[in-house]
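Across the two complexes that follow, subunit A remains constant while its partner is subunit B and subsequently subunit C.
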Partner chain A sequence: MKLQTSSADLLAQVGAAARVASTRSAVQALSGVQVVAADGQAELRATDMEVGLRVPLPATVERDGSVVLPARLLLDVARVLPASDVSLELRPSEGDVEIVSGSARYHVRTLRGEDFPPFPEAGDGSVVRVPADAFVATVRKVERSASKDETRPILTGILVSASGSDLKMVATDSYRLSVKETKLESPLDGEFEANVPARALGELARLAEGADDAELTVARQENQVIFSVGGAVLASRLIDGQFPNYNQLLPDGYEHDLIVDSEEVRAVVRRMSLMAQKNAPLRLRFSEGELTVSAQTPDVGEASESLPVPFAGEAFEIGFNPEFLRDGLESVDSEQAKLRLISPLRPGLIEAADDSGFLYLIMPIRLNV
Partner chain B sequence: MRLIVARCEVTYTGRLTAVLPEALRLLMLKADGSVMVHADTGGFKPQNWMTPPTVIEESDDHIVVRKFAGKTEDRLDIRIAEVISDVTHDMGEAAELEKDGVEKHLQEALADAPHWCGEGFRLVRREWPTDIGPVDLMCRDEDDGWIAVEIKRIGTIDAVEQLTRYLDRIRQDPAMNDVRGVLAAQVVKPQARVLAEARGIDWVEVDLAVVRGDREPDLTLFT
Partner chain C sequence: MPSTAHIIHADLDAFFASVEQRDDTSLRGKPVIVGPGVVMAASYEARAYGIRSAMGGAKARRLCPHAVVVPPRFDAYVRASREVFAIFEDTSPVVEKLSIDEAFLDVRGLEHIKGTPVDIAQRLRREVRERVGLPLSAGVATTKHLAKVLSAAAKPDGLLVVAPGDEREYLRPLPVEKLWGVGPATAERLHRHDLRTVGEIALLSEDDLVAIVGRAAGRRLHALAHNRDPRRVRTGSRRRSFGSQRAMGRGPHRPEKLDAITVSLADRVTRRMRAKGATGRTVVLRLRFEDYTRATRSRTLPRATASSSEVLAALRGLLDAERETIDERGITLLGITVTNLARDDGQLELPLDEPSRAAIDSAVDRVRDRFGTRAMQRGALVRAGDRMAPWLIPGLDGVEPE
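What follows is the complex of A and B.
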């Protein structure tokens, strides 16, 4: 294998692939990026066996072939190349790849290519085209609610359903639930539903944000899904099991419905959160016409700030995880948000007041005093 | 334990030479031969110290602490200019350091509330004997199945190995050949989780404060 490319392209594409390469697999090849040159084209591949990524590398291919190089090292090398062009050439007898850029010359040992798994193919299944902007925006709305706790794999995914003109995504870590329903401008040419690892969708969103394509394609298979955007192909295994029935989690009714200025509440919560450390809750005290947000951390300090809100009724105080509350408020991008509350121990709902189809259900924290 | 508050100068000779100029210091002489020289600053660490066994020689204005270190001698020469206080206390038998959250407390708490180890679990016996050592808890589940529960503060691969050995022994009894295993710990290490799952052993992380009822569990939208 021998190819010439630009240092900038190499850095951009290795950067994308290295994010997918495994950092903790027992199979060393999975910590690598496979460079494939064939039929005059080059591409990079990486996988951790859950998510796989294939990105094109604009290059002049002088000799076909493939090689696996350590992802982290290749990225570090790509970052510091001195010239605008770079060449990569496999030296089979030495078992390394010679990387030359300007007067800098590297010999990087290759990883076992035979251990690198083949990239999944889209197959003959149906392919659905989805507007990339809408898909990415929907992912960005809900991804923060997906769990990072690998002990409950179902919750590490985002439930994606697309049908007709509706695109819906749901994520929950059992402490909060995000639901975003996006109305598409035109109906889709197919439908699918899948629980996709949030990490895969995060990488897809990143790829789509950096591409000019108006659409991305989704090929849903039995236990995996393959997305294509901007020449990149991202494959992800699907998460087995029953996703929680989120409709059942939404309370039937609420005691208090408040329309608040999103940015004002967000800013107060952000300021007060600084004093809610070491798992301390953020306290929201509602009284006639006023909301007082406060936080206190022993040995650190306390803070409080009030703002006018259209609250009426018996005063009460409710506690929230400051990070979770901030996430919910930041995901509402309408000017006004709707806060819907029942009682200090029942979930609260944050909704976009412009009916843009975003819901954020958050469980409170018990307040001892 | 002898505590002397004195204005003194301390000279150490041995692997090197160090001098603490004359100042007010606390000299702590323990019954086991440890000697520590403390100032009112510098945190918990003494300015100088000698670990036992030591030989302590005392005159009116000098305390000399000696210790053989191989072929050389470590020596702490304390010249006392003024004694402010000199008291000796009989400390009696030393009580062992008691830590909350250790296995014993977890075992007691989980024995009282075995459902934290698994839904419907009920305790049959603590310290269930096997010929290679006792299992922490032996429980039965809702279907009367046997469950051996091994309790650790930190669940490691070693804990999984230990429980595996117990299960092998218990299963030799035909009446208990379907016994399941559960590793219960405050924290279960990722490697231990993988190994446990590969061996069909369940694991559960438990919060001692919640098990004891000192703290309510976190509110969640669903379980």
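What follows is the complex of A and C.
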């Protein structure tokens, strides 16, 4: 394998691939990036066996072949190359790749190529084209609610369903639940539903944001889904098992429905959060016409701030994880948000007040524990 | 610098073995090993043959074929430890428990009522001997570190005191291994630079030491070599972690057995955490191999937890990743620690379809509180037999040598 490319392209594409490469697999090759040169084209591949990524590398190929290089190291090298051009050449007898840029010369030992899995083939199944902007915006609305806890695999996914002109995504880590329904401008040419690892969708969103394509494609298969956008192909294993029936989590009714100014509440919450450290909750005290947000951390300090809200009825105080509350408020685009509450130990709901199809259900923190 | 050495480090000698010799007169004067399998404690008579804690059982028997091996009786050790700590608490209001058999006492300001620190240390040793029947060694110094070095040097059944101003003189000829935090790896690095005594280290600048052993260790060693140790004796439960471990004999251990041990350790540790209302974010797996080298692997979770299943899942992931190493090098100890502690934050969960983990944990805790640890076992442990049972005795906090 021998190719010439620009240092900037190498950095950009290795950067994308390295994000997918495994960081803690027993199989060393999975911590690598595979550089493939064939038929005058080059591409980079990486996988951790859950998510796989192929990105094109604009290059002049002088000799076909493929080689696996340590992702982290290759990225570090790509970052510091002195010249605008770089060449990569496999030296089979040395078992390394010579990387030359300007007068800098690296010999990087290769990883075992035979351990690197083949990229998943797009099998049968229909391919659905989806507007990239709408897809990415919907991912960004819900991804923060997906669980990062690998012990609850089902919750690490985002449930994506698309049919007709409706695109819907749902994520929950059991402490909060985000639902975003997006109305598409025109009906899709197919439909699909899948619980896709949030990580895969996050990477897809990054790729789509960096590409100019108006559309991305989705091929839902038996156990995997394959996305493509801007020349990159991202394959992801689907998460087994039944995604929680989130509809039944939404309370039938609420005691309090408050329309508040999104930005005002966001700002207050942001200011007060500074004093809610070390797991301390943010306290929201509702009384006639007023909301007082406060936080207190032992040995650090406390803060409180009030704002007028249209609250009526018996005063009560409810606690929330500050980060979870901020995530919810920041996902509301509309000028006004609807805050719906029942009691200090029941879930609260944050909704966009403009029917933009966003719901954020959040469980409180028991106060005085 | 304080005008008196006011910190006492009190450490029971060969604790488990001493309890056995106390309770069975026929064992007195004989080499006693608390086993079976890996040596959990060795009497001083056994140590004379080169037997040490954590040594493999077979090696110990080779060194001293006529040693008496007795099975551990944790109930007796816990009782003895409580009696000893009651004496510590009577002696000083400031007692910092380090483990089941050692503590720091700060006796500053007690001269008028209890005498000088040396008087107090002598009385402490006498009372533990008379009232509990166990030998206690003590070190008295201006710093925690030196007090601990002294109690180790005083063993067995001794007392060592270094007066303020004499500390560096005392430390100078000691081998570097005596310093806190100098294990085999650090010692090896120092030896490579021909540094063998504390005095030789004390001649180096902090930067030079950092270059040899790394930043954190270098700074600490530099301070300790100059007897700078500002750590105060802290009372109460300022615990920073919950942990438990289990030693095993040599020989191949099937993955199912390792898993069963992991399950029982996770159960035990998280139950103690829940009882204290504590949660932790970082789960640490500790391994010791047949060549006595050790490894620790850790994973930090997205949020603090005291859930058995979450901690267990993290541990299983860590253990899986070490499978090859374990097969190659053999395992003789498996330990877990949950650290990065926080108070349970009271965060409620949405009622998802799956049964709530918190509900399962708390139901199991209630059954065990009421009917005993053995009343309810995991299926995985039933298959492994009840050899695990001693490790699930409630209130065995601190049966964690080291």
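Quick notes on this structure:
Just so it is clear, the second predicted complex is superposed on the first by the 368 of 369 C-alpha atoms of A that agree within 3 Å, B and C clash if a C-alpha of one lies under 4 Å from a C-alpha of the other, contacts with A are read in each partner's own complex, and residues count from 1 in each chain.
Throughout what follows, a residue touches a chain if its C-beta (ideal position, glycine included) is under 8 Å from a C-beta of that chain, and two chains touch if they have at least 3 such contacts.
All of these numbers come straight from a predicted model, not from anything done at the bench.
Look at subunit A after the overlay: subunit B and subunit C clash there. Contact with both subunit B and subunit C is seen for A:174 once the two complexes are overlaid on the shared chain. More subunit A residues lie in contact with C than with the other chain of the pair subunit B and subunit C. Once the two complexes are laid over each other on the shared chain, residue contacts for A:249 go to subunit B and to subunit C alike.
In the superposition on chain A, A:26 makes contact with subunit C only, while subunit B stays out of contact range. Once the two complexes are overlaid on the shared chain, A:365 sits against subunit B and subunit C alike.
Looking at subunit A, you'll find residues 150-151, 172, 174-177, 244, 249, 345, 347, 361, 363-366 touch subunit B in one structure and subunit C in the other. Subunit C contributes residues 277, 301-304, 309-310, 313-314, 317, 321, 323-324, 342-354 to its touches with subunit A in the complex. Subunit B makes touch with subunit A in their complex at residues 190, 193, 216, 218-223. Contact residues on subunit A toward subunit C in their complex (touch as defined above): 24, 26, 147-151, 155, 172-177, 242, 244-245, 249, 278-281, 319, 321, 345, 347, 361, 363-367, 369. Note for the complex: subunit A touches subunit B at residues 150-151, 172, 174-177, 244, 249, 345, 347, 361, 363-366.
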